[in-house]
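Here it is, the structure in full.
The first chain written gets the first letter, and so on, giving A, B and C; residue counts start at 1 in each chain.
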Amino acid sequence: MRTVPRRPLAAAGACWLLLVTVVAVFAPWIAPYGSEDTDLGVALTGPGRAHPLGVDPLGRDELSRLIVGSRVTLAGVGIALAVFVVVGVAAGLVAGYLGGRTDRVLTRVLDLVLAIPAVLVLLAVLSLAPGGGLVPMLAFGVLSAPVSARVVRATSLQVREELYIAAARAFGLSAVQIVLRHVLRRVVNPTIVQAAIFAGTALIVQTGLAFLGFGPRPPAPSWGGSVQDASEVINRDPWLLYPCGLVIALTVLAFGLVGDGLRDASAGRWATERYLPSRSRRGAAAEPDAAAVLLSVRDLTVDAPVGPLIQDVSFDIAPGEALALVGESGCGKSITALATLGVLPAGLRRVSGTITVDGKDVTDPARLAAVRGRRIGYVCQEPMTALDPTFTVHAQLAEAVRHHRGVGRAEAGEIANTLLAQVRIPDPTAVAARYPHQLSGGLAQRACLALALAGDPALLIADEPTTALDVRVQAEILALLHTLRRDRGLAVLLITHDWGVVADQCDRAIVLYAGQIVETGPVEDLFRGPRHPYTQGLLAASRSLADPDAAPPRIGVAAPPLVTIPGVVPPPGHWPTGCRFADRCPHAAPACRAEPIELHRDGPLASRCVLSAPAPTTTR
Amino acid sequence: MSAPSPLEVEHLSVVYEGRWRSRLVAVSDVSFTLERGETLALVGESGSGKSTIGKAIVGLAPVSQGTVRVAGVPVRPAARRELARMVQLVFQDPYSSLDPTKTVGHTIAQPLLVHERLSVAQWGPRVRDLLVRVGLPGDAARRYPAEFSGGQRQRIAIARALIVQPQVVVCDEPVSALDLSVQAQILNLLSQLQAELGLSYLFISHDLTVVRRLAHRVAVLWAGHLVELGPANEVYRQPQHPYTRALLDAAPVADPAVQRGRSLATVLHRADGGRPLA
Amino acid sequence: MVTVIRRRLVSSVLLLLVVSLVSFLLISLLPGSPAVVILGPNASAAQYRALDHQLGLDRPLWSQYATWLGHAVHGDFGSSWVSGQPIGQELAQRLPVTLSLVLGATVLAAVLGVALGVQSAIRSRSARGAVDVISLAGAAIPGFWLGLLLVTAFAVAWPVLPATGYVAFAAGPLSWLRSLILPWVTLALGGSALIAKQTRDSLGEVLGRPFVRVYVANGLSTRSIVYRHALRNAAVPILTTVGVVFVGLLSGSVLVESVFALPGLGSAAVNATTSHDLPVIQAVAVWFTVLVVVVNLLIDLAYVRVNPRVRIS
């Protein structure tokens, strides 16, 4: 709730609801006139000093009628709301947490109840128990409870799959204990949101019934009744329609605003990223740059609200070359790739840098868009979610081929089949007819590769393409990448944290740490003699883990410790001024923390470390 | 008679009965034992049944056939509370395995609350000791999981597993979600705790490399079957089963000179008509 | 796919039985007896008994229900307690009015809602704010009040459309259209707000999925990504909402028919409520349920079209 003040609309809604509630509680003392006192002399005189909201056809003060009428109106909403929450939460928790057959039966029943036309049941109830009362609203609460039950069920089904629930079960907690300790708490937020939305609906139903004449018996006031009274004199005095209608609309609106505010507050942490590129105009003319470089990235910097994510990242890729982007998570590997492609998630911004493809400046979003798919293809880490689940593999490939190559439907289909054969899918026609969820991880990754190749790009950006795969499938995909590079002359920018993959695929590597390039050079040299302590640490950790000559562990004796890098990568926004690795570095000296370290070339390698830099006196 | 071994699995099968009479045999006739202070690595690819075995041992998966005994006590639903004191679990995903709404102290103490109904004053010192032991500051107990990194969260999960002083800890891919340098930190911690406390580990992993420095013995699973079980040294140097050999060969070596040759061999082999696996 | 339809048909029949049973049981709960309601309090005991017998109310409940059900299956819902007229015929004349009103309003709400929702999901923050305001207002304004406002504006102050009444399609398509414009708008506004919100939320969620990033990064056009791929992935919750909106509009039609004096099923139910004519309410409830069932079945078929997982399993 502490987030509400930052949402002025929700706060305003909450204030209005508070006001209405207070007015309803103290109505008899607040109302300036008796709600049923008539003075036919002033009937329909419109708003004035004595009657700020006007007078109804029977000469009753409209303001007093609305104030007193709020009681029966809100009471009806309250009853419906209470039933809605209690019945819904109970049914939802039982269905969602127990699952299985209980869930199936309960879900059926809930669906059944939801399909019953509620208003007619209310009318039937009213024809039996005339005169308003709270029974119809109680019935409405019951009939609507499946809505909250569904939400609660969905949430508890999801919570049930969390590992901490499995842990709690393994500790021996009973189902009831687990629901009370872990599940109920997660259900509270969505339930409150649903309740706020439902309260608005209940208010409309309550006033609607009163409008139809099924509210409290005539002289007694209610909001819906006031609308009814006003509707009878619509030709003579339309004014009366506004106060009662507005008060209903404002209250429903207030419920909606509070509900939205609560929903946003609880969803804020998981706000979805959106990858649609932003629209923009075409930019300046390209400067010709005659170099045998396929892709050139200069001084790329990306900002997030917490601070920069990568800073001044520059690299080149020659045709047919394989370049690795290495580092721990949180160092900016993926961000570098996405920024190069111009597809940063919402909230992130490229603040500087130029991107050149085939010697042409494509930094401008529109130019970059023209390059995507045609010169640069992209493959991501999770092949199972990287394709549209609602189309067959073949349909997706053919669409991409048509879009990029401008060929007809039939030809695109042919090319799609060829692509599937090129990524070495056994029985390509059978696989092409499948939907993504019918593929294994390895097949899905091959299909993703085919999609990335649809526009016949010269460069493939592959973001951890084998991390999610089993080790034998990884070997297959790596072998396929070799083949594609050999047969098509494909260049690859390969993002990975696995030095084995780097050794297998790449000619050169870039090591990223905390958003900066800390070392770069040919892979052989990097493995043989890394200059930067971070690269040294990563390689040592990798080697010590896989060391075939290490003594086998003995029972009862602690194994000699593996080589580690102490500490963690500093998060964006907390990067030190000097060397960003200094806090974890075994060689850290005062000079490291004094000022930003430049990237120094030393033989084939370039690294960002004072140790590998020329002596301080020789620097500028 | 000597004390029963911490974990005995005999002819274990796990079968899931689906709707419409479908059956899924996740684990088929698997037997092994675990000695005190020993680490047995259970290695296999996705779908090999390795995680299911771990779940069956802590009572989260049904034992369809065979027996599982923890310190001599057969695993069955009625004995879950008793068993929970002897065998505990560390999960792969350090994010989903901690309740985001509970403090770290509360999370770690939860198994105690179930078993001993202690007050905060009573469990406070024990939780603090354990936090220090797993390499976290003692005041971490008052903070929430969201404030910790993946590696730190995994330390919290280990502390939670150890609070009831179990004999056996089932580690289900405890480092695969972590970065390389952090993986080594956690593996070192596990090794050190084992030596200090005489714990037995069942270490489930898809990666033979990760368990190399920790495992005393290695069991290789394929499609629910145990295809190889032996001292780690022998399994690494002279794998008996072709599947084990395939797994060892498939992992790329972090040395360009070596790996280039291996990878070239793979490409040539495939070009010779080798069928892709997937 | 066949199993989906079969399962849905079974639950539809079940639903119809439940609704009819519930509405039937309500009669037995009526305080006093229907005869008292119909004849007034001053008739003789013999007269009450005769009427009970005539209405079949002196037989056991299950036998009454069986008889009623047997007739209802053939569209015969008995006679009104008040007018004595056969209900089936009366309602058959009213059905086209309600159908024109609710189906038209649902289509309007769906078109408007999806269009607004898509714009809200893909446009800038300020455009999103505008859509949010429109949908909040749409959800907050009660239909019966909006109807009255529209009448004061377009029938009283600036008389371009009829304030009340219904013209059959056969009697003149243009007049039919004119008689329904205000009711359609009145009814559709709230529903379109709900659909817009759902479209925005589920489209927004889909646009954050990895495959969208892959598609964008591989250079597919934004239009194809949004309209061909993302919207299709977001379709299931949107269709569900359209179904919910249809049910809601059916309920809302009861009020809107009263406001615009449209001779549909809803106004029949309201009149019957006032005069305690339960068999009429019962019959309207059954008709409404049939409509809900048919629309849900259509939506299920649409699910199957957009979601290959349902189709295959």
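Throughout what follows, a residue touches a chain if its C-beta (ideal position, glycine included) is under 8 Å from a C-beta of that chain, and two chains touch if they have at least 3 such contacts.
Nothing here was measured: the structure is a model prediction, and the numbers come from that model.
A summary of chain positions shows that the Cα centroid lying nearest the centre of all protein Cα atoms is that of chain A.
Of all chains, the one whose CA centroid is most distant from that of chain B is C.
One simple way to say how far apart two chains are is to compare their mean CA positions; for chain A and chain B this gives 31 Å. We define each chain's centre as the mean of its Cα atoms; on that basis chain B and chain C are separated by 55 Å. Only residues 108, 111-112, 114-121, 123-130, 200, 204, 207-208, 211-214, 227, 230-231, 234-235, 238, 241, 244-245, 248-250, 252-253, 256-257, 260, 272-277, 338, 341, 343, 345, 369-374, 377-380, 382, 385-392, 399-400, 403-404, 435, 437-438, 448, 451-452, 454-455, 461 of chain A touch chain C when the two sit together in their complex. For chain C in complex with chain A, the residues that touch the partner chain are 11, 14-15, 18-19, 22-23, 26, 29-31, 122, 132, 136-137, 139-145, 148-149, 151-152, 156-157, 204-205, 207-222, 224-226, 228-229, 232-233, 244, 247, 250-251, 254-255, 258-259, 269-270, 272-274, 276-278, 281-282, 284-285, 288-289, 292-293, 296, 306-309, 312. Chain A makes touch with chain B in their complex at residues 162-164, 166-173, 177, 182, 185-186, 328-329, 424-426, 440-443, 446, 470-476, 478-479, 482-483, 497-504, 523-524, 527, 537-539, 541-548, 550, 552-559, 561-566, 568.
Chain contact summary for the complex, chain B toward chain A: residues 35, 37-39, 45-46, 58-60, 80-81, 83-84, 88-89, 91, 93, 96-99, 101, 107, 110-111, 114-115, 149-152, 157, 160, 164, 179-185, 187-188, 191-192, 194-196, 198, 206-210, 212-216, 231-233, 236, 246-247, 249-260, 263-264, 266-267, 270-271, 275-278.
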